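First chain A sits with chain B, and in the next complex the same chain sits with chain C.
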Partner chain A sequence: MSPRIELERVNKHFGPVHVINDVNLTVQEREFVVFLGQSGCGKTTTLRAIAGLETIDSGAIRIAGRAVQDTRPEERDIAFVFQSFALYPHLTVYENMAFPLRATRTPRDEVDRTVRRVAEVLQTSHLLKRRPSALSGGDLQRVAIGRALVRQPKAMLMDEPIGSLDAKLREEMRVELKRLHVEQGSTTIYVTHDQIEAMALADRIVVMHAGVLQQVGSPEEVYANPVNLFVAQFVGSPVMNVAEVSVTGQDGAARVTVAGAAEGFVFPAALIDRLSVAGAADKPLSLGIRPEALEITLAPQDGAIPVEAHLIEPLGSHDIVDLKMGPGFLRARTRAGLVPGPGTQVWVRADAGRAHFFDSGSGQSLGVRL
Partner chain B sequence: MSPSSQAAGPALRSRGMSDLAIRNLFIIPTIVFLIVFNIFPLIYSLGYSFTDFRASTNEPARFVGLQNYRDLLSDPFIWRNFTITAKYVLVSVTGQVIVGFGIALLLNREIPFKGLLTTLLLLPMMLSMAVVGLFWKLLYDPSFGIINYALGLGTFEWLANPDVALYAIALVDIWMWSPFVMLLSLAGLSAVPKHLYEAAAIDRASGLYTFFRITLPLVAPILLIAIIFRTMEAFKTFDLAYILASQPTTEVISIRLYKMAFQEWQTGLSCAFAYIVLIMVLAITNIYVKYLNKVKER
Partner chain C sequence: MAAVRTTGEVLRHRLAVVSLVVILFVMLAPILWITATAFKPRNLATTVPPTVFFTPEVSPFVKLMVKRSQLREKPTEEQLAAAPWWERLVLEGGEKVVRSGKGAVQPSGYPSRFLNSLIVATVSTVLAVSMGTITAYGFSRFKVKGEDDWLFFILSTRMLPPVVVAIPMFLMYRAVGLNDTHLGLIILYTAFNLSFSVWLMKGFIDEIPKEYEDAALVDGYTRMQAFFKIVLPEAATGIAATAVFCFITAWNEYAFALIMTNKRAQTAPPFIPSQIGSGLPDWTVIAAGTVLFLLPVAIFTFLLRNHLLRGMSFGAIRK
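Now for the complex of A and B:
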């Protein structure tokens, strides 16, 4: 029932801007795929192109094997949840949800049954007689999803559907969306700029930047093995530390020194060989390391280098500590309250197994893992 | 100059006008003007409507109670004038709404020279009623008018034919005032958010379904305002009908009123007539406004 959605060499320009740049992607049946990227990266345009709300310049879009790039939205049988909800302001919640069914001349009693059943699922039964202007953000969103669900569409496309809600409600709705997808099982493409949302919801994440697909993979994959600096810094919160480094051999180990810093992190000696195999021996190199891969202790220990704690962000479950390193800072995640205050002398060690190396020039990952 | 306005002098230059200065300069003259030229005659004529006063004689006005109103409302000729007017209002306002809203729908999209086109379409509205009446009289002329020539109607009588004349006048009114309905409709149409049309397309609604279920209900309030204005105007239409034709079948109420007041000099009676018309227009407008409020609630 749920179709596969395929994009093949899709291109689109808005004047001189290449908004969708040669995008190839296959969304499997019943899969939940999230397009993730900054605003203006082309993710919404791509979604609208799949829905038929935008035309494309070249390439093919197939839904359930049928090429649809030249058809109108109404012929594609997909549901779309708009960021602005796009509820009909002059109709009640009931009429809004019944709209797609009435528009296709569904018998009256079937309309009634379906609307009430979907309202039940979304817990909006008590709102049916109200108008959108009398609803809260969360309820508006439920109704918008309800309107999409009533027709049991082949595919659901959602454009930042919870982007305009406040943080707490967003978290609730995220869970609800996940549950709905598990229950309904329709092929879903979801657009967001919020990487936490993407991680939480997606079977696969598609990271987009400047109209180009950067990486497609499961949330774990995208998080653990970012293919380039953009993905590395876009996915994960707080963002991955990235610093220009030099790598030297010393005492049977590799020393990875942040440009301008006095001392370098100790890495296994194998790093030097791996880097030269990757062809990065004499290219400028960047180290990428997530805050949780930096281990802080208050006392000196093997392989740790002394640094000064600069700022501390207490977040309840953990703290984020800024460490002065060369001209800049590295951010480390520590147990709450470990570092007593700014200016404390601490020792930091990098987890070599979770370090990433990028070609500073191209931004591509060198694929060197220890 | 009063001390207060002298004090307001420097302030006027430094941070705009004080409330007091605005009151003295604008509001008071306006109110005085309104009282002298609108409210006073309104009340004075209400007094006359209960008398047999004739402005053409020196005889003092004699109080006759509700006699004028009774005479008018039981006069079958007056009711004929009302019927003619109702027919005229219905035809001309309906025509204006259909033509005006239709043009607005056509203009509500990306087309080249849209601004220029809109301005040109507004031209009829900017002309003087009397001028419009005079040149349409020429256009309608049975022997050399361009309308008969273009339609190949020979010497068809538009304005001298008692069955056609009223509709010919309504047609001129439609030509002249459709742009007004168009302008308001255009404002209403462009206020409908684009994403609602996108949502309707996703919901697989046909063009016609979208028009009747989305476009029309959302434009209805502003369209109603246009209808209120045009109904009021059409109800008291005078110039066009007066200039174009003088048939008994084109004698709308304001022409009847004009004749009663300034040709027959029945001043008291015509005051009563004017009041009846006023109450009718108010009643009709009220119905619209009630409906408008109902539409706007949602």
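Now for the complex of A and C:
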């Protein structure tokens, strides 16, 4: 039975740095949770605290209902894949993978069977006799995961296990990790700073920033309803456009004008009511809109405003076009080759249903959706 | 190494090889000299100019090992015929082998001194390295209050020239009865090497990523097990290097051995030159004693050469 992992008001300081700030989180049985955050936001520290490699200042950590914050790592029955792999250089791959089993005095033939079976699953059978120094990055990663799997752990903690691989290998590994999780069903916490990896793997994503959990939710939820500007701009690629805007009523519609721009996007009039219900009528507002929610046409059309295309990034399947708007730019996603070149006059329309409004001061989402 | 070389590089390479050979020869000359002397007949040992070509003999080594006394007259034919080959070598040198009442050959002072050296150097090396490793591990892995001060204090024990403390040490040792004991020398050499061992090992253990132990800990090992199964093997290179240094220091130590020991626990360094003074010096025997004395360090270093040469940069940690 895979355990549930609970963090309750966990705090941790490194000197003056508040590395884990009042974190509450419940990871359900068999769930795959991804910690997503920038470098240095405390992901590794949180994971190490769960594993018992780092003490916490206050709060409780429960694994399968049992409070473990004061127990030693070896008593927690958790497997850990390290950011650095941490394969022992003086042992062969086989011995590295057998190492956790030897701790529990597993009979020799069972060790052998388990190691070979796991090696089979991870396609590392041909590497068993080698030493870690003779392995490629991808192989090292497989072996590191293999070492975590041999014990058939109830819970797996993985710290950016594929962070150092090249893009193609990463994609392959992602699929494999997902498959392994489906097969093994162990409760997994996975750390990454790559939001695509997080979206692809997670049952739920936990977005962290400076030791604080920003948002916990399914990938779709985090993507579609970011709770604040940090999450909005951290999840999704290319990054969500965010601009200070003013909202005015005009001709039975709402006009959302980027500060400094000549013309505003046309939104349904209901926006004005909803904003005042949300108590944002006279606060500085930010509009957040993802590039794919901006529609570009070469000819004028209803509700579209004219802008000048600036830079065009051709990405094969689609283009990303920078549009000059006020003092800055908005980035829009278009069909490949739609905009012929920089300087083209185009018309842009915002999809009101996919627009987000944030309180510029606090960065919090106003929860206003159309 | 670059596969393609320019002419200049080739030339520089050759020059380097030539100068290394010259340096090597200069460095090895004393050893060649002493080794040659150890195999020379006694009358060729001190010729001027030195004899380079001679028929090697093992008589110096035989003489080194047994207790001898001067013969007043030349050995008789029967005496020579009755003696085993090695005793004949001594007799031919105008000396006889001293035997006990029961006829057992009496050894010279050398074998016991050599054994003392081995015991004292080995035990003190093992102690200094193991204590140093554990101490270094503590400093490396745990927050120790005043860590820098402690480390400086440990190092400071090496700052005083040993000779300065020789007399007080001697008086202390005499008071507690450690004079001329193996234990006394072992304690002395261990203490002397410990600071060095701590510092060296700390450097090596700092290089071992903490994640190795962390991995062992989450895999169900205790810290003690992690230390023995992971840290020690990873630190093998450092342990070997430290052990060689400690062994050499203890093996070659002269001043304290001279002052603190005279017979029972005397080591080879003070013994070998003391032979010069007793009777006419037989340089071949002294050379033989020196050559044998050089061997253990050479063998020890040779056995550990793989560890000493292996770089520290073969880990599987991505930085």
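The definition used in the following text is that the second predicted complex is superposed on the first by the 370 of 370 C-alpha atoms of A that agree within 3 Å, B and C clash if a C-alpha of one lies under 4 Å from a C-alpha of the other, contacts with A are read in each partner's own complex, and residues count from 1 in each chain.
One rule holds in what follows: contacts are C-beta pairs under 8 Å (C-beta built on N, C-alpha and C of every residue); 3 or more make two chains touch, one makes a residue touch a chain.
Because the structure is predicted, anything quoted here is derived from the model rather than measured.
A.B. asks: Should the pairing of chain B and chain C on chain A count as a clash or a fit in the superposition?
C.D. replies: Overlaying the two structures gives a clash between chain B and chain C.
A.B. asks: Who touches more of chain A, chain B or chain C?
C.D. replies: Counted on chain A, the partner with more touching residues turns out to be C.
A.B. asks: On the A-aligned overlay, A:L140 touches which partner chain: chain B = first, chain C = second, or both, or neither?
C.D. replies: A:L140: touches chain C, not chain B.
A.B. asks: Would you check which partner chain A:S164 touches, where first means chain B only, second means chain C only, and both and neither mean what they say?
C.D. replies: In the superposed model, A:S164 contacts chain C only, not chain B.
A.B. asks: Applying the document's definition of touch, where does A:A232 land relative to chain B and chain C: first, second, both, or neither?
C.D. replies: Once the two structures are laid over each other on A, A:A232 reaches no partner at all.
A.B. asks: After superposition on the shared chain, which partner residues are touched by A:Y88: those of chain B (first), chain C (second), both, or neither?
C.D. replies: In the superposition, A:Y88 touches chain B and chain C alike.
A.B. asks: Residue by residue on chain A, keep only those touching chain B in one complex and chain C in the other, then list them.
C.D. replies: 51-53, 72-74, 77-80, 82, 84, 86-90, 99-100, 103-104, 131, 147, 151
A.B. asks: What residues of chain A sit close enough to touch chain C in their complex?
C.D. replies: 48, 51-53, 72-74, 76-80, 82, 84-90, 99-100, 103-104, 131-133, 135, 137, 140, 147, 151, 164
A.B. asks: Which stretch or stretches of chain B touch chain A in the complex?
C.D. replies: Checking each residue of chain B against chain A gives 193, 195-196, 198-206, 209, 213-214, 217-218, 298.
A.B. asks: Across the complex, what residues on chain C touch chain A?
C.D. replies: Where chain C meets chain A, its residues are 209, 211-212, 214-222, 225, 230, 233-234, 236, 314-319.
A.B. asks: Taking the touch rule as given, give the residues of chain A at its contact with chain B in the complex, in rising order.
C.D. replies: 51-53, 72-74, 77-80, 82, 84, 86-91, 99-100, 103-104, 131, 147, 151
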